[in-house]
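Next come two complexes, and both contain chain A; in the first it sits with chain B, in the second with chain C.
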Partner chain A sequence: MVIKVQCNECGGTIEVPDDALPGEIVSCPDCGTEYEVVSVDARAGRAELRPAEEVKEDWGE
Partner chain B sequence: MANAISILSDRLRWEEKALYKSALSMGLKASIVDAKSHTLDILDESSLPAEVRESDVVLQRCVSHYRGLYYAAVLERFGRLVVNSFSTSLISGNKLLTSLELAKRGIPTPRTYVSFSDDSAVEFMDRHGYPMVVKPIVGSWGRMVAKVDDRDDASIIVEFRRMLQDPTYQVYYLQEYVRRPPRDIRAVVVGDSVVAAEYRYQPPDDWRTNIARGGRAEPANLREDEREIMLKAAEAVGGGVLGVDAMETEEGLLVHEVNGGVEFHGVSRATGIDVASKIVEYVKSIARR
Partner chain C sequence: MSTKVSIIGASGYVGGELLRLLSRHPGVEIVAAHSRVHAGEYVHRVHPNLRGVLSLQFTGEDPVSVASKSDLVFLSVPHGASVKLTPKLVDMGVRIIDMSADFRLKDPSAYKLWYHYEHPYPDLLGRFVYGLPELHREELRGARYASAPGCNAAAAILALAPLARSGMIRGTIVVDVKVGSSGAGGKPSLATHFSERFGVVRPYAPAGHRHVAEIEQELRAVSGREHAVAMSAHSVNMVRGILSTSHVFVDSGDMDPAKVWRAYREMYRDEPFIRFVRDKKGIFRYPDPKIVVGSNFADIGFELDPHTSRIVALSAIDNLMKGAAGSALQSMNLMLGFDERTALDAAPLHPI
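Presenting the complex of A and B:
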């Protein structure tokens, strides 16, 4: 099952799997903006997202 | 034996999810802790998240090197067992410190030089001859790694670096350009074993082999002597869970990088090996000691 959340950037529809874990990254299929999953309430069909951090110079392996 | 592990993360990738699922399937109490979501009091252990306080070991998996490094420092101050340790993360997260450790132990590695100013870097490369490779001392995914073919390239790189705010760009980590097949080898070392290895083929339009840059992975079967080199390289940075990269040359393997926050999605897919479970088993076993 997926939970639909509206993209703050472009109004597109982001589909969040209802088994997504906090910290997972989802992106808007229309504009590509990345969001981090804050919480998922599968029963209520609600997911809270926040803008994901942008890649920094010290990111990697 | 570890009963509970915390996975410290700041961006949940395929790897962290795989580790979490593996830990649960092994019957461990597992938690994912977001390193971005709280503030630690260095005098008060109770400021650590409850999941961390209740865990026997913390698997540090932050995508941000400095965030993971300094979080580990605080955890260790409270006597927490962290994989990778602060020291391993410090050394493996810095190409120069890694090269120094490899050199001290006589582990074959490309010839490496350090310049501490723009002028001396260009002057040295001119004297050494081209091509050369310039790398940032901290950084990953092949980012800002440049092959310098002539003096013009050298001057441009120095000029660009001068404009960057990060003062570490004024430390020039210079390496000989090694003639190798269009691939390198990535070995995932967990504790004292190589649990998986892959060849990473460079994409058609890049000389770098990083999977993050479009490199292609194929399983690799290492000879015993190659395995030994990979293990020694991992040990040189302090051991733990590491991705050791080496190039094949006529004289044998040359280790060019040891990665402390190893991504293993590619190698797991290429080899069919459940790397996540190997890591969780290792973490479980060291907590027992």
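Presenting the complex of A and C:
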């Protein structure tokens, strides 16, 4: 099962597995913003996320 | 029972693309592929990709006679030729999707300004729906007449319409398009000779491109306001595809990615052929025509430039698909009551 959380950046839908562990990184399928899982309540279908620190990368300039 | 469709002017690139798509449509029967020049020749001699796909010969029969056997006709003839034929077909009662520019503009005076001719049938202009389903879906449902958009115009409009609708745009919009060689059609010229064209980044219409009229018309329709469009078009070294880069100046308070995302999502939330591409990961982080080739997708993305309060609105389409035959087929599906994705659901190729 997955828990759906809305992306703060683009409004896309992030799917968080209901067995995700705190500290796991999930990302938005639309804009790629990464979030760290803070907590998951599988029974209530709720997940708390916070923005993960992102490392800038060179992607072909 | 299948709907009988025919294509007048089926030997061009758009005609070929229509044949490719229609050959896989379960609800239609292609009754004629018309070409005077190639009459009697097998379709696959001109469109080699259709060998083994369609067993059909071009007909040189009179277009009116072709139309009399059809429920719907695609008119894939040059600008100026359609306007001579269309009134006769309208009188016959056949449904029409015109691929030329002759019925795209609603204001007859715009033809004089942009196409340099007096439109001989101004009363007919209002009867043709502009065939971009993302903007005119409800009008297209059950419509009898539609006019497929210009390829560069389609690319620019799809990226700009949500911003116009949101009321964010200040001042003139600058549109830069880069288009592949198939946008110039199948007829060769010295300028399209391989030695002359290979490797070019050719500014073929730095100003005065005729698609400006369509872009301004459609932005007016979606926003109820006037927007001035300054467009430059370049031929680049690809066969298919368009990248449209539009520079939209806004208030500094609108330099907010969440707000811009919202404008796009509000308009395109349920669109089957719009994909948002503004990704922090992967190689293709913004729209790129390479990634839509062969499909009806319009990939749309944006970036913000706080230095000049500018939104860079990007879109990539396959000019022969979303820019022509794909949008036309999507419109046909709406006109005839089919699921609008029918025969258009192929994923793009990668790598290509």
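We adopt the following convention: the second predicted complex is superposed on the first by the 55 of 61 C-alpha atoms of A that agree within 3 Å, B and C clash if a C-alpha of one lies under 4 Å from a C-alpha of the other, contacts with A are read in each partner's own complex, and residues count from 1 in each chain.
We adopt the following convention: a residue touches a chain if its C-beta (ideal position, glycine included) is under 8 Å from a C-beta of that chain, and two chains touch if they have at least 3 such contacts.
Just so you know, these numbers come straight off a predicted model, no measurement behind them.
In the overlay built on the shared chain, the residue A:24 is in contact with chain B alone; chain C does not reach it. Contacts of A:8 after superposition on the shared chain: chain C is touched, whereas chain B is not. Look at A:33: by the touch rule set out above, it reaches chain C but stays clear of chain B.
In the superposed model, A:42 lies in contact with neither chain B nor chain C. Comparing the two complexes, residues 59-60 of chain A contact chain B in one case and chain C in the other. Here chain A touches chain B in the complex through residues 21-25, 36-37, 52-53, 56-61, going by the rule given at the top. Across the complex, chain A is touched by residues 257-258, 261-262, 265, 276, 278-283, 285 of chain C.
Residues of chain B that touch chain A in their complex: 9-12, 16-17, 20, 32, 34, 36, 63-67, 136, 138-141, 143, 166, 212, 243, 259-263. Touching chain C in their complex are the following residues of chain A: 8-12, 27, 30-34, 54, 59-60.
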